[in-house]
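What follows is a short report on a single structure.
Labels run A, B, C and D following the written order; every chain starts at residue 1.
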Amino acid sequence: MSTVHSVTYQLLRRQGLNTVFGNPGSNELPFLKRFPEDFRYILGLHEGVVVGMADGYSLATGQPVLVNLHAAAGTGNAMGALTNAWYSHSPLVITAGQQARSMIGVEAMLANVDASSLPRPLVKWSYEPACAEDVPRTLSQAIHMANLPARGPVYVSIPYDDWDHELEDDAAQVVRHDVSYAGLPSAAQLEALAENLKQAHSPVLVLGPEVDAVRANSLAVELSERLCMPVWVAPSASRCPFPTRHACFRGVLPAAISGISDKLEGHDLILVIGAPVFRYHQYAPGRYLPQGAQLLHLTGDVQEAARAPVGDALVGDIHATLEALLPLLAQSDRVLPTPFLCHHLRRFPPDV
Amino acid sequence: MSTVHSVTYQLLRRQGLNTVFGNPGSNELPFLKRFPEDFRYILGLHEGVVVGMADGYSLATGQPVLVNLHAAAGTGNAMGALTNAWYSHSPLVITAGQQARSMIGVEAMLANVDASSLPRPLVKWSYEPACAEDVPRTLSQAIHMANLPARGPVYVSIPYDDWDHELEDDAAQVVRHDVSYAGLPSAAQLEALAENLKQAHSPVLVLGPEVDAVRANSLAVELSERLCMPVWVAPSASRCPFPTRHACFRGVLPAAISGISDKLEGHDLILVIGAPVFRYHQYAPGRYLPQGAQLLHLTGDVQEAARAPVGDALVGDIHATLEALLPLLAQSDRVLPTPFLCHHLRRFPPDV
Amino acid sequence: MSTVHSVTYQLLRRQGLNTVFGNPGSNELPFLKRFPEDFRYILGLHEGVVVGMADGYSLATGQPVLVNLHAAAGTGNAMGALTNAWYSHSPLVITAGQQARSMIGVEAMLANVDASSLPRPLVKWSYEPACAEDVPRTLSQAIHMANLPARGPVYVSIPYDDWDHELEDDAAQVVRHDVSYAGLPSAAQLEALAENLKQAHSPVLVLGPEVDAVRANSLAVELSERLCMPVWVAPSASRCPFPTRHACFRGVLPAAISGISDKLEGHDLILVIGAPVFRYHQYAPGRYLPQGAQLLHLTGDVQEAARAPVGDALVGDIHATLEALLPLLAQSDRVLPTPFLCHHLRRFPPDV
Amino acid sequence: MSTVHSVTYQLLRRQGLNTVFGNPGSNELPFLKRFPEDFRYILGLHEGVVVGMADGYSLATGQPVLVNLHAAAGTGNAMGALTNAWYSHSPLVITAGQQARSMIGVEAMLANVDASSLPRPLVKWSYEPACAEDVPRTLSQAIHMANLPARGPVYVSIPYDDWDHELEDDAAQVVRHDVSYAGLPSAAQLEALAENLKQAHSPVLVLGPEVDAVRANSLAVELSERLCMPVWVAPSASRCPFPTRHACFRGVLPAAISGISDKLEGHDLILVIGAPVFRYHQYAPGRYLPQGAQLLHLTGDVQEAARAPVGDALVGDIHATLEALLPLLAQSDRVLPTPFLCHHLRRFPPDV
């Protein structure tokens, strides 16, 4: 007969989450028992390390990754690392063992009181299923929530006594639930974008970590060469989206309102791809943009687009958009930027 | 000189939110003073009515709508109506007047303590700006958050003393911030969808309120006729997506797991567009789908797609997807369903 | 055999919550079936009215009162009235029917998604038990949380399928769980209080709604006469703590920082009992206290004491403190204040 | 002229929070500059260590302690240690530096987005003041909230640009705000308690960490000797409330429902002081109490009292209650329990 345990492992296997990063305690034992041969468990001795490893693994593979933490204390230890996972858009599916259901209300030792609030606001979605039957569907939802744009960490708290709960045979239906995403611009949106780029006298490209995350690096190179645009890396970027020895590469933008305006002075069009507009750091108020400049913003993150103080944003699939845009652009007769050789910058961020 | 008040009205005007639905108190007076000639204020005497009117206006116009409520008590009164706005995906931009900043912490009369928590979880996004300067940008973010898919209500709490705060001249930049959305499937995604429909021997169409919201009703009619599919309205729908006297129309699906499986028995492919899978009501456990049936799910709502217990979902722009899909489908040689004349159903839901 | 339903009614009966104020829907039916003869149900047709009636009933009886609302929509409708219940410290035990447990995660119709967050921050405590077995204990906790100082509304969400769940016979133990409260000052605290009052040349008394709530009105009269002090009602009070035709009565303090300082000018000691310090309304910054004045604050509300901007607070049982304090105070030889006859004030607030 | 910085240090000095435990980043610099000579800063290189040190320091001194963390990442790192501080009732006043106010909404680097939600539910109270003027009052409130029963950690997020904000001269009034607590039982409550103890044939004492926290250890010894009661330490206790070589000492109760009933079998009265009833760990359902036993519960924690599944609780000042109770109890003529010499237990928990 099916159990929550057996259906969950079917689900994880089908979704490709065979590697578990964790640091277990007693609450997690019923999940870990009968650990399948085709899964592997990567142990970390502090949850900051566990989430850090999982984050890196997810950035490298581009896939959702399973993390298993111990109740409130284990989750708490991990929350510093979650600030990185959040801004790196890492699809971490974080699970935490909860006490037995009847022991949560009395706040027994290792009860994770108000578990779904604990990791907020550092997760996209957080939930403790209301009954054992709903655990597999909840994990399916968690995987899809983590993986759909804008990607990011999610959290599921699972009570101790749920794992052995028996399920109807058709409960395994949730294993066959898939979600994909349509993010292509319309012909009109692409035309408008291309037209704006054609009209610009001095466009500049600013690239963020999402370009690297969706493997659009070479498309970005092609775009910069096609339009002979200088390229900056967006401030406070967590990944390197552009080869730093490329002739077009100018460096990393400063993380300040006025600093960015200064660096981009003279450009009439600023095309930002895969970054917030902008992830400032120093408090240096001023104009967001150089006088007369227009900013176009391509991003896969609705919140990034909505909260930006300036610009015209298009939310969609960056990779697909660049692929569709390039054929609409002729080779510019501007001169390619002169290589900006700076010993310092050639090393940091590292070449890709 | 610019003030928060003047820049906010520029922003609202540019984004087309010239109609304000509200029920004001003292906290809202600084927003309402110097109310521009080209704006109109629709007064309701209970906030449930105010949000209900705004919800209907938004459903009818398809646009974001501004609501202005009075602190915690006014917001509280409105929260029953917010449950409808949430599931109708109505882009309501709800603002509430807050006490003067220095009077919030002492919990003065009409202070909205922990204002951003109050409307949760019935809003997509909720915020009280950390300073007066950030009010216009916050409202810009709120409008875009409400309007981007999946649409829904948002909430902004604005302190009394912020409105007269003077701003730098370039603060009005936020007025020129626009966001659009790319939601077309790729050629491969469309091909797969078309192929699935072609292979099906007995496909059935289930339509939800989003079809009506994005004005894809006639595309849905065309699809049902092209493939000679019976059409059901998804359970608990808030809008009518299909003409109820059309030959293909079968009625509204029951709101129960087993009831839906029973009604859809015999179909090998279930195509659900613009609805959750499914918005059940009665508790009647059983198989989610008839034996052997495949479910395809088109939706603009990431959360709807992720939380569904079954099916293969594609998250994107429903209208654009149907437009792109229809040319890929040949006319079926199946017989068009016989009109299902039911006096009862001809009246409810109403013909469109 | 015991069920959640039978044990719950035993609990409610023993704790004296035999009157249920409500407006039910389908989720609440399993609670209401087999409604015992010795209970009564007061129906309201809008939840704002339901909570308003319960609030008034609780203020009048001084006891916790049971409210039963319908899921998220019913709770939402009630939340405006909760702002009053919160600041009146009304011990409302608000219950709401939730969907069947396995239907919450898919967000079935009438599911109360993230139910425990919904009424926050307008409740002291909010919870949805993690399993059926924990429902009676949760309700016991809710009653005690509502009733312990500082009193206030609490919220419990109860899934549809929990009521018929069978319980072990000893589950009814929770019915015999009582909590009382010790709030007497120490001898040293009483001495210090008395000494401060004795040393004052011109003390003044400010009374808030809690004086009326704990039925300490006549103790307050005695105190004012013993020390020949003028008496003000604290601003924005929800109950009348002092007879308004009494010679010592001066009126209701204005709800502004500077206004209060002005009214209390000349007093060297301000004794505030059973009110926040203060519930301001108008924004009129200035000195919190007249030059040289000391403020002593007796309250049963930890948060009221902690958030006050000025004064020395003692958190405890107001009624017991006044009873213990009076024997330590000799009759003052100051002249009793002259009756402040004001036709307007004699009517509002009403005599008690 | 006064600034937020100068008034804050006056406040901290007056309240005795001269020792700061922290791990700073750039957001905290404006607080730390001009660090007064009479303060000391204890640096930890990981926030888990910082909170751990502060927690221990607070347990040892019995006083509120100031912690200063770095934005969201620093707070996140500390949250595992907060689970201990929460259940140890440690009055930690945790502050975290926030970005400049105008940079929070755009989610600049080091912005602590939704800062007051971040540490929940592991703090008693959490707040980010709505303006610079309110920072000193907020910190005063935080200190009092942490220190009033039931004690526990609190959190305040303070924007970067608030520290240099100039204040009116009378803003320093908040420095002179004190709060104390009245927690003595009434004569009737004491009588009832004494009477219950007198009537019992075989009472047993169960002591929790709060006994040690309020330095009532020797009163507990006196009580056990007066009534010749065996003494158990409550399960999962974080502090040792009783000398483990004392004749009455029996050991630490097991952390399971049935285990506790077994150990306490034969007693007709169980007096629990300064502990939850109970902090179970293993899931072993059964009777909460031995057949026929009565449980009396003395605690300073309202939530502990309310959530207990059984017993009659009295919430108040444990130390004062024991002092007042002892004179009402005559020396029992029962035989003092025989020393329970167990090599294992003599070492753990350690003698005090």
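By definition in this document, a contact is a pair of C-beta atoms (placed from the backbone, for glycine too) under 8 Å apart; a residue touches a chain by one contact, two chains touch by 3 or more.
For each chain, UniProt lists the protein as follows: A, B, C, D = Benzoylformate decarboxylase.
Note that the structure is a prediction, hence the values are computed from the model and not measured.
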The chain pair with the larger count of contacting C-beta pairs, comparing C-D against B-D, is C-D
Most distant chain from chain B, judged by the mean position of its C-alpha atoms | D
Reference interface B-C: repeating pair among A-D, A-C or A-B with over half of contacts shared = A-D
Cα centre of chain A to Cα centre of chain D, whole Å, reads 39
List the centre-to-centre spacing of chain B and chain D in whole Å, with centres computed as mean CA coordinates.
-> 46
At what distance in angstrom does the C-alpha mean of chain D lie from that of chain C?
-> 25
Flagged in chain B as touching 2+ other chains are 102, 105-106, 114, 117, 137, 141, 285, 307-309
Any idea which chain D residues touch chain C in the complex?
-> 125, 137, 140-141, 144-145, 148-149, 168, 170, 173-174, 176-186, 189, 285, 287-289, 302-303, 305-317, 320-321
Under the touch definition given earlier, write down the residues of chain C that touch chain A in their complex.
-> 101-102, 104-106, 114, 116-117, 127-131, 133-134, 137-138, 141, 159
Would you tell me which residues of chain C are touching chain B in their complex?
-> 47-48, 72-84, 99-100, 102-103, 105-110, 113-114, 117-118, 120-122, 160-161, 235-236, 255, 276, 278-281, 283, 285, 307-309
